[in-house]
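Chain nomenclature is as follows: A, B, C, D, E and F, assigned in order of appearance, with residue numbering initiated at 1 for each chain independently.
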Amino acid sequence: MYFRSIFFEDYLLEEKRITLGRTITETDFVVHAGHTGDFFPHHMDEEWCKTQPFKHRIAHGTMVFSIGIGLTASEINPEAFSKGYDRLRFVKPVFIGDTIHSEVTISEKAEAKKPEYGTVTEHVEIKNQHGEVVLVCDHLLLVKKK
Amino acid sequence: MYFRSIFFEDYLLEEKRITLGRTITETDFVVHAGHTGDFFPHHMDEEWCKTQPFKHRIAHGTMVFSIGIGLTASEINPEAFSKGYDRLRFVKPVFIGDTIHSEVTISEKAEAKKPEYGTVTEHVEIKNQHGEVVLVCDHLLLVKKK
Amino acid sequence: MYFRSIFFEDYLLEEKRITLGRTITETDFVVHAGHTGDFFPHHMDEEWCKTQPFKHRIAHGTMVFSIGIGLTASEINPEAFSKGYDRLRFVKPVFIGDTIHSEVTISEKAEAKKPEYGTVTEHVEIKNQHGEVVLVCDHLLLVKKK
Amino acid sequence: MYFRSIFFEDYLLEEKRITLGRTITETDFVVHAGHTGDFFPHHMDEEWCKTQPFKHRIAHGTMVFSIGIGLTASEINPEAFSKGYDRLRFVKPVFIGDTIHSEVTISEKAEAKKPEYGTVTEHVEIKNQHGEVVLVCDHLLLVKKK
Amino acid sequence: MYFRSIFFEDYLLEEKRITLGRTITETDFVVHAGHTGDFFPHHMDEEWCKTQPFKHRIAHGTMVFSIGIGLTASEINPEAFSKGYDRLRFVKPVFIGDTIHSEVTISEKAEAKKPEYGTVTEHVEIKNQHGEVVLVCDHLLLVKKK
Amino acid sequence: MYFRSIFFEDYLLEEKRITLGRTITETDFVVHAGHTGDFFPHHMDEEWCKTQPFKHRIAHGTMVFSIGIGLTASEINPEAFSKGYDRLRFVKPVFIGDTIHSEVTISEKAEAKKPEYGTVTEHVEIKNQHGEVVLVCDHLLLVKKK
């Protein structure tokens, strides 16, 4: 983890970075439930899940998002501010024992309201060990111009 | 926490529910950093934060989102599936000691691709103890028709 | 989680509510040991447990109690105060992977010392996925009269 | 933590042991809520607590019990089995920053159903830094005779 | 856990104590990564580990050290101060499910700079369930003389 | 976090890297106690600490070591193996609210037993917000030659 200044002009469309992977554990399920207060049986009750189409406990959507985004947090760009996310979609369930990683592609650059800033969109795909996309979203950054 | 079936027809536009509150603690900061691996100094280094405009550690955006959404998780609707979120925006920083709650308003109803389902949009506002909105997003639900 | 006023007169003998279930995980064992400081080998040392009649790590009694009671915490009655518990008994061991839920029955109503209050006893049974009772106790509530 | 065999005959009425102390932290509140799923505002919402007679977040009863009992877990007696607890009472609230310890007195000895066992009652008082009792209970042990 | 004064003269060379055991769980891996920020794939990515000689996730060295030393923390000697550690070596990997314990031998006694103190060296061996040493180190204590 | 091959020949004596900082919180104290089982009053009992020369709870040595080393874990060198640590010394206490960072200097290079490897020593200094060294140690790496 370190600081590196990247200005609006430096972001290149289609540039892509791929994070390391992380195995999602039962511990993560329990920690996320306790952290958020969401103890829905989908995530916490193996017996009930057996009666459902997905058969096993499935990860909280907010957890897959938080951990998948967390995996991208290695370089701190002091010129950029996170505005938020668009088009966040839960594409496939994540089960205990799955290993996820994130792939981030610069998908859009645009002018921002303030002329000294631009908007950069990072398209994020979180994938499992089978290469399947489990979650997608667009991360919106406000980035200083040089 | 309990099951209650609510069908597409039952959702009423403008209907609003307000959750209980929860004080965001230093513990939540540390747990979220450890849960996601995001140890950026914005969240973890009080000395560095003193040199920044915001002066104090600020909550991870993914944490405010996860806890704010977690606060809404009290009733399980077996007729609804979460598709994802749109227009998630970080509006104001959340500091250690702030108390947040969530306000959920049914903001849109539409037909879904499959005719036996409809799409319901819940507009979520997460607010602090001063009544200020700190995060907004639109939660998209796919809901069975009767 | 929400507030709902229930007065002494509103409690009905034999009324029963059943909570959702929760799978007890190895994580819960480790969290409870770390939370309480009780690292007895019965809960933490799988090798030693192999030499014992119960063969596998068994849950802390205080954990089964705390989680089982936690499962009942969905509705907040501002007219009631928890006085404590009677006849708490550890009936059967809980193992990693067991799924427990709680069944709460109003078993007794009585006058309290202060005439504007009554005492309500909730008999709590915590059961595993085989329907076996693993822990019982009587929860004593002091409840305002109308 | 170590094993030491103590038989029924060895327990002496009125014998007392006093544990070390432990400061109850905001972290413990957050961990216990996440561990049990009990996010009642009494424990988690400092703003709401300001409007209540107790003014500040108060510890979960199950947490004071679990930690207070955990403090007594230093010596493992392989001749004793915990049957449960009687007369558990929440006497005074515990606040963030309070320091508690436990005092255990052998208060009763009796025959058990099986003639090769006896029942020993440990009266447990959990006290705060002012010497005030915050929780009491009677721990029931089934102990082998020599 | 209790206080017991042991002076420099009381330490006997070759005296040995053996702690209870503790099974190292996946939870411990996740907790340690979150506690330290070390999310290296050796500890967190089961898929990547399959491609490595050790085949499975291996425990953080700092965790085996911290837990192994923690196991020795039962008796508090108010006459002794921990100066640090020498010759800490990671001898064998620890995997999820291994059970470790610690063996502490008084291996050296020497004069300290201040004449009223002596230096005591505890040689610590942390072993797994097969009796194999996984970590060794020498703990240096500064101990008051009588 | 990413992989970068650095061979024995590439390590330069006196080369130094400085990590970001991290504020040590009460949460870290509670997590470390729960993770290791070390609930000594030096770390956990604020009231007892008031009677001691250091006046406030002080961090576990193993925690300062684990977090300080964790701060250095950003780049994964697949050519290097950690052998262990020498001369680990606890120089000054760390209190709740202190902010630490680590400074790593290549202090020694030597031949290893196997001719295709060399030994690299990283001298690690963990410092607080006042620039004071709180812990030092020498990290021993076995590194492949080109």
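Quick note on the criterion: contacts are C-beta pairs under 8 Å (C-beta built on N, C-alpha and C of every residue); 3 or more make two chains touch, one makes a residue touch a chain.
Which chain is which protein? Per UniProt: A, B, C, D, E, F = Acyl dehydratase.
Everything numeric in this text was worked out from a predicted model, so none of it was measured.
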Partner chains shared by chain A (Acyl dehydratase) and chain F (Acyl dehydratase) (touch criterion as defined above): B, C, D, E
Furthest chain, CA centroid comparison against chain C (Acyl dehydratase): F
Separation of chain B (Acyl dehydratase) from chain C (Acyl dehydratase), taking each centre as the mean of its C-alpha atoms, in whole Å: 30
Where chain A (Acyl dehydratase) and chain B (Acyl dehydratase) are represented by their mean Cα positions, the distance between them in whole Å: 16
Where chain A (Acyl dehydratase) touches two or more other chains, by residue: 1, 20, 22, 26-28, 31, 34-35, 37, 39, 41
Chain contact graph, described as a line, ring, star, complete graph or other shape: complete
Interfacial residue positions of chain E (Acyl dehydratase) with respect to chain B (Acyl dehydratase) in the complex: 31, 33-35, 37, 39
Sites on chain B (Acyl dehydratase) touched by chain D (Acyl dehydratase) in the complex: 20-23, 25-28, 31, 97, 99, 129
Chain F (Acyl dehydratase) partner contacts - residues on chain A (Acyl dehydratase) that touch it in the complex: 1-2, 19-20, 74
Chain F (Acyl dehydratase) to chain D (Acyl dehydratase) touching residues, read off their complex: 26-27, 29-31, 34, 39, 41, 44-48, 57
Chain F (Acyl dehydratase) contact footprint on chain E (Acyl dehydratase) (complex, rising order): 1, 22, 28, 31-32, 35-41, 60-63, 65-67, 69-71, 73, 76, 82-90, 137
